[in-house]
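Listed after this line are the structures, all set down as C-alpha cells.
Two complexes, one shared chain (chain A), two partners (chain B, chain C).
And now, the complex of A and B:
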C-alpha cells in the first residue's frame, strides 16, 4: 500500500443543482460536514473529499444518478458502509459518491429454494440473521460483517473465516441486478442451481470493486444451518508446528469450518484488549472450529486435537460450551481492533499463499519485519492460506513509511514467488493497484482493461482504481 | 432446438498448405474421411463439414493455429470429444476445427493443496480416477463423463447428477491457461482458495462455449472423498408425490448428493434396455443418494425413506450393497441411451426451473406432449430442478419436426415464466440460441455481445453460436 497525501476537491461544481433536480429532495449531500464521513473508507492514509454524495433509496434513483454521471462524464464511486480495506470506495476528487446504505430491505427468504433476495444496503449480519431465522445459513463472514453491507461484500467478493469449507461471497450469489455505466439496468441470474445460458456475467460483477456497474438487488444462496459446532484452541511453540498441524488435518481429510491463526504479537494485543486469559508466551495460537452433524463434529474435533498434539502442540483446549466458543471466536475477531490500538497507523495486509507454503510465508514476514526494522503482527486464515500481516506504524513518520513500503514490496514479491495472490479478500482498490500487473502478467492485465473498456468506455465508474 | 439442414463446405481453401507448414507434420487433417467424424457432435440433426481439423498436441500449436486463423479471419471451433448436446462444437462451414483431445496429460495431483492440474484433452473420468487414487474426489459428473474431455466440460460449465450438493464444473476450476482470439496466451488463477486480484476472468471463460478463447491447461479443485454412500430407490404413483418428497427432504435440511428422477416412459425404456427389474407401471422413480460420514449417511438415508413413505411412495428400496447401488446408478445413467433406441431421432432438452416449480413443470411437459401429439419422456436432476424432457421423434418427418419445434417453444416459454433457465447444463450453442434473448432480455443479451466483441473483435472463435 502506497500511502497517499490527503486530497481535497475544489469549489462545488456547477452541475450540483441539476443533479439535485433530477432526484427526490434530500438525496444529494453537499455540505462539507456531510461529505466528510464519505471521504475515506477502512484503509489507512487514504482520503479524498467528493463533490457530493447521493443517498439513493431506489433502483431508479441509482440509474438516474449513473445516467447523469455518464452524460457529464463525472467520476462516480459506489459505496456501502465504507469498511473496505484497499481504498476501493475512497472518492475521486471532484466526483460523486453513490451511497447504497439506505437501500436496506430484505425482500424475500425462500426456504423451498434456499434463497434470499435483498437490496445492497442490508448489513451482512442482517442477511445472516434472516437466514438463521428460517433455520438456514449464509456462510460468508467477513471480519466487518456487523457493519459491512452485502452489496459491498459482493462488489469486493469478500471472504472471511469460513473460506476453506464454505467458500467466499461469490459462491453464494445466484443473481444480481446491476445499473451499468450508461444508466441502463440489467438482471443477471435466477433461482436455478444450474444455469449455463450464456456467459456468467454475474461473475464479472462479483468482485469488480465498483468498476463495472452498481449492484441494486441481490439473490443469494443459503444452505441448511449446521446443527452442531465445536471450537478448539491449540497453542504452539513454533509456527512450523502450527503449519504442520494444518497439513495433518487436511491429510486426515478433515475440512474444518475455521482454522484461525494468531502470532505472538497478535495474541499479546488481543489479551491486553480482551483479557480472556490467552497465554502470551507462545509462538502461535490456532483456533479450530468444526461444524455439521453432531457425530461428525465430535469425531473431527477429537481428530484435530490428536493431530495438534502429535505435532507438538503445547496445549489443546476444547471450548466447554457455546459461551466459551463465542469468547474465543470474538477474541480472534478483535485481532485487528486490538492491534490498531498499539500504534497510530495500522496497515492490514492480505497476501494469500497455497496452504503448503504457509510456514515459509510466515517466516518470511517475520524476517522482513526485522530487515526493515518494523513491527509486523500476523494473523489470518490458515485453512485457506490467507494471511493478514499487520504493520504497526505511524503515517506521519516519513522515514518509517518508506520502510513500510519496501517491506510490503518484499512480502508481495515472495507471495507471488510462492504462487500466491496479492489479495485474498480485501480487493485491489488503490492499495494493491501497484502490484496487480506483477500478479496477472501483461496479457492478463491487458485483458482486464479490455473488459473494463467494453463495459465502461468513458471510465466513469470508480476511475483510477484496480486496473486503471 | 431448430433442426438445421446438413451443410457441406466447398472445395479445399488455398490456405491449407500454409497452415500445415506452420505446424509439425501430421497435425492437419484434410481428407474427407478424416473430416467426417468432426462434422457433428452429440446434438441431433446438426452437421457441417469443416475445411480442416487441427489435432494440436501442445499449447504452442494451439496458439499458432489460433494466430493463423486470426490473420486470415478463418472461423475456428474448439473441440474435445464432441459429446456436446447443444451443437456448440459443430464446425462452421469452410472453417477450422481445433481438436484438443490429444493434449491429455495429467500434470500434477497436489494432495496438500487439494488441486489437480491437467491438459484439456484428459477425459473427465480420468480426472475423477486420478483424484480417487489420491483419496480425493472430483465431484462434477456429467452424463458423458466416460468419454467427455475436461476442457469441454469447462468450456460448457458441465453439470451432472451431484449439482445440488456439490455444484457444477465452475465450482472446481481454480485456474485456466487460455489462448485468446489473437493467439496470445494468458494464465488466470492460482492454487489459492481465496483470490480477489482483479476481475475473475477465469469465470468469463468457464461456460464460454469456445466463443472467447481456447483452454490449454486447467487447475482444478478437489475435495476429500466422502467415506460412505447409500443409495435408495423410491417409486411413486404420481409426479406430485415425488416432487413433495423432494420438498420434504430439503425442508428436513437434508442435501442429498443425487436426487434423480425417471418418468414412466423413461423407466420402461431403461428396463427394456438394462433388465434390472424396475417396475414399469409407476408414474415416477426417484433415485436418492447420500454420501459423507457413515453416521450422517445412515441418518439421512433413513430420513429420506421416511419422508418418501410419508408422501405416499409405493415402495422404498435401499440398495443392499455397492453392487446394487452401482446397478441402480448405471440404470439412471443409461436413460438417454435407452430412450435413443426407441425412435430414429432423440432430442434431449435441458430446461431447469426453481425446485419449487418441479411438479408444475413436469405436468406442463406431459400436457405439451399431448397437445402436439408427440412422445416426450422426462428424466433429470430433481434436486437442482434440471429436467431433461426427451423428445422421441424422426428428423426425416418434416410435419412432426414442426410440432417438435412448437413443443420446445412452449416448454421454453413455461420455463421462463416459472423463473427458470433455457439450459441448465448443456449450453446454448446452436440449439438454444433462438431462445437466449428471451431469457436474458435485450440489455443482458447486448452485454454478452459487448464482452464477446471486446475479446474476439473479428469474431473468429465459434462464430454463429450462443449470442451471435
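And now, the complex of A and C:
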C-alpha cells in the first residue's frame, strides 16, 4: 500500500460532533466516500481531502459554521461547484469545506430597476436564464457557466466570452451579503446606479477568492437584451493573421461582444468532442460575435468580415441561425476540457497582455513550446488580450514536469515584461501564488496581506491561497 | 492520440505495481491507468447527471464517482459498502459521457467499478446473492429457460391467475420486496419472435444487403412485434433478413451489474452464432443491447483468441435507425390524414448517450406521412428505467419517471416514440398509472405501419 497522506489516515478531529450539533441534521459530511470527491477543484494535480464538508442551506448555517471555525481556528474553504482553475476551493489539510452549492434560490428579478437577487449557489446559466425570461440579459458567461456558481464567479471575478464589450463579473455586482471571518454578517450595496457612500466595500470581496468572507446573497445588475446578434467564424492560415485581425477590428473602433481564438490543436480537440464540422486543417480560427441594434449589428458584422479578409482570412463563415451560433459558442466553451483528450495532464495558463502586444505574446508562446520541447495549445479571449496557453503533459513524468515549470516561468516573465498580468480571470489560488509577488512588487504584496490581516486576523478563511 | 500507448506506460510505470498490492489486483487496478486519469475534474458533466441533480452531492456525480474509483485504483481507499452503494445509485445513463469534453470512458469505468464491488462482495447479502445467481447466472444465460419462464408467466397473466392472485391477496405471502415488484411484471406476449419471424426472409425485389436481426431477451418476451416490425422495415428496404430463432442474451444486463465473466461468455456465444453468416450488418432495435453489443471489442480486448473476432463484430453492429439512415431508406408513401398525428420522441439513454444516435430516429419519424414531430423538453434526460434500476432503486426511478411524464404532458402528444424496451415499459407503466391517453411505441413500428398503409400502385 502506498502510504496514505496524514489527513486521510489520521483519526477524525474531535470537533466533528460539536459541529454537527450546531447545525441541522445531515449538513455535515464526514465519511471518506463523501469527502474524497471534495478533495479537488478543476485545477490539475492538486488534491487534499478535507476533515469535513458542510452543505449549508441558509445564511445562518453559513454564519454558524464560520463562527465555529473562528472559535476553534479551523481552516475553512468556501466552495461553489469546484470548477475553479487556480486551486481556490481545494481544501486545506485538516480543515472544513463550506459548500454553498445548495443555496440555490433566485430571490427576485426586479424589471423596474434591472436587478436580480439570488443566493450564491445559483448556477451562472440559471441567472442568465432567469434574466432572459424577464426579457433581460446577464452578460458574463464563463466557459463553465452551465455549472459554475454565481458565488464562485464573484469570488473569482470571472470573465467570459463577452468580456470585450460587456466587461466581467465585477461590472454586474450591485450588492453582496457577506459572512465575515468572525461569523458576523454585513450587507454591502443597494439597487442604486450611483453610490459613493464611503469606500466601495463590496468591491473588496469581488475577486477575493474566499479569503475575506463568504458571500451568502447577491444583487446583480442586468441590462436590456440586445435585439439582434450575428456570429461569424473566420479561418486563418497563421496565428499571426488571426492576431492582426483582432488588432484591426479594435483599431477600426468596432467593439464586438466576442472575439475568441482557437489554435489548430484546440480546434482538433474541440471538434473531436463537439462534432459540429469545425475545419481542423486551419492554423487558427476566430469566433466573432456582435450584438445590439439590428442595423449596427449588420454593419459591424460586415466590417469584421472585411477586416478579416484584408488580413488574409482563408474564409469567413456566418452562422445561419441562433442554433448554429449557440453550437459554436458551446463548442468554444468546451475548449479547455476538450484539450484533455490529447495528453493525461492539462495545465492551463491565464496570462493577459495589453492588446497591442497580442501578436508578440502568441509568437513567444510558440517559441517557448519549442524551446522546452513541450506541446502547448493556445486559445483564449483574444479581444481581451487574455490567452490560455495550455500545456499538454503528464504529471507522472517528472522530467517533463520540470520542463513545464521552466516554460511557465518563461511565459510569466514575458507577460510581466509586456505589462501584462499573470491571471486575467482564473485567480491566484494556489497555482499562481508563486508568481504574484513579482507582479505586485513588495509594496503591493504587503498591502494585500495587510488587507487580509485586517479582515481575517486569525487566517481561517482559505489560508495559504493567493499569498502565504 | 498518437502516443497514448507510451503515455499509458509512463503512467503505469510510476504507479505501485502488482507486487505492491499483493498481486490481488482488482478490476479497477487492472484498468489502463490513462482511462482513470482522463478525468480532469472540470465538472462539465455535473449538470447533466440525474443523481447529482437530485442530491447536489459530489459523490453522487460522475466526477465524484470517478474520484472514488481513482482513489481505489491509487490505493488511497478501500472498496467499501458505501462505495458499492454509490456505484449502484448511478443510473449508468451515460449522460455524463455525452457532456464530457475530455472524452472520459465512463461506461468502462462504471462496469469495472461494479465488477469490483461484486468481486469483493461488499454489498453481499443472502437474498441479493440468490437473486443475482438466479437472474444473471441462471435465467439470462439460458434463452430456452427464459422463454419457458416467459410462457409460464404469460399463462399466469392470461388465465386471470394474476388477477386472482392479487384479488385473493396471495401477494401478502410473498416477501415484501417481491410483492412490490409483482405489479411491475410486464405483460408477456402470447407469441415470441421465433413464431413471428422465419429464420431467413427475402425482400420482394432483388436483395441489396444481407443483415441479421437480434431479437433480444426482454424485447423478445414483451415486444416481439417490434422485432417483426424491424424485419418488415428491412425487407421493405431490400434486405435479406437472417433471424436465428434461438439467440443468446447480449450480456448487457451482466456487464452493467458487475458480472463480467458471464458477459464475456455471452458475447462469445453471440459472435459464434453469427460468424458463419456473410452479413453486411447486425441490426438491433433495443438501445440498451446495441450500446453493449458495439463494445464487444472492448469487453474481449484482453482475450487474444477473441480480440479480432470481437472487433469485426463491433464494426458490424448497427442500431436499426442508424442503419436505415446510413443506407438511405425509402420514405413511405401515403396520405397525411391516416398518420399518427402529434408524436414526441424520448431518447433512450443508451441510444443518445451510449451510441450518440440522436438525429436518425427523428429523420425516420419525419418521413412518416401525417406525423407531426413535437420536440420533448429534456428529451435526453433518463426516464428512470435504466436497466433494472427501477427495481433496485425504485424511489429515484419513480422521481425520474414523474419528471419525464410531466415533460410529455406539456407536449400533449398522441404518441410517444422511444427505441428501447426498458423505456417503453417504464413509460407505458407510467402513462397507465397517470391515466394518460397517449400510446408509447418504438419508432420503427411507426415506420412499419406507414409502409403497411401504403396505397397499392
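Rule of thumb we're sticking to: the second predicted complex is superposed on the first by the 459 of 468 C-alpha atoms of A that agree within 3 Å, B and C clash if a C-alpha of one lies under 4 Å from a C-alpha of the other, contacts with A are read in each partner's own complex, and residues count from 1 in each chain.
Simple rule for what comes next: a contact is a pair of C-beta atoms (placed from the backbone, for glycine too) under 8 Å apart; a residue touches a chain by one contact, two chains touch by 3 or more.
All figures in this text were calculated on a predicted structure; none of them were measured in a lab.
Novice: After the overlay on chain A, what do you see for chain B versus chain C, clash or fit?
Specialist: With chain A as the common anchor, chain B and chain C both fit in the superposed model.
Novice: Given Cα centres, how many degrees, to the nearest 10, is the angle at chain A formed with chain B and chain C?
Specialist: Approximately 140 degrees at the chain A centre.
Novice: Counting only touches as set out at the top, which of chain B and chain C does A:427 meet: first, second, both, neither?
Specialist: A:427 contacts chain B only, not chain C.
Novice: Per the contact definition in the header, classify A:102: touching chain B only (first), chain C only (second), both, or neither.
Specialist: Touch status of A:102: second partner only.
Novice: Could you tell me if A:299 is touching chain B, chain C, both of them or neither one (first, second, both, neither)?
Specialist: After superposition on chain A, A:299 lies in contact with chain B alone.
Novice: So which one touches more of the residues on chain A, chain B or chain C?
Specialist: Comparing touch counts on chain A for chain B and chain C gives B.
Novice: Check the residue A:460 against both partner chains and state whether it touches chain B (first), chain C (second), both, or neither.
Specialist: neither
Novice: Between chain B (first) and chain C (second), which does A:450 come into contact with in this model arrangement: first, second, both, or neither?
Specialist: A:450: touches chain B, not chain C.
Novice: A:382 contacts which: chain B (first), chain C (second), both, neither?
Specialist: In the superposed model, A:382 contacts neither chain B nor chain C.
Novice: If you've got the overlay open, could you tell me the nearest Cα approach between chain B and chain C in whole angstrom?
Specialist: In this superposition, no C-alpha atom of chain B lies closer than 20 Å to one of chain C.
Novice: Using the touch rule from the top, collect the residues of chain A that touch chain C in their complex.
Specialist: Touching chain C: residues 1-2, 4-5, 8, 29, 31-34, 36-42, 44, 55, 81-83, 101-102, 104, 123, 125, 144, 146-148, 269-270, 272-274, 334-338, 340-346, 394, 396-398 of chain A.
Novice: Tell me, which parts of chain C touch chain A in their complex?
Specialist: Checking each residue of chain C against chain A gives 1, 7, 10-11, 13-16, 20-21, 34, 37-38, 40-44, 46-47, 56-59, 61, 63-65, 67-68, 71, 74-77, 80, 82-83, 86, 100-103.
Novice: Per the contact definition, I'd like the list of chain B residues that touch chain A in the complex.
Specialist: Chain B reaches chain A through residues 110-114, 135, 156-157, 159, 163-164, 167-168, 170-171, 180, 184-188, 190-201, 203-204, 206-208, 212, 223-225, 227, 247, 250-251, 253-255, 292-293, 295-296, 299, 352-356, 381, 383-386, 419-428, 432, 436, 439-441, 443-445, 447-448, 450-455, 466-467.
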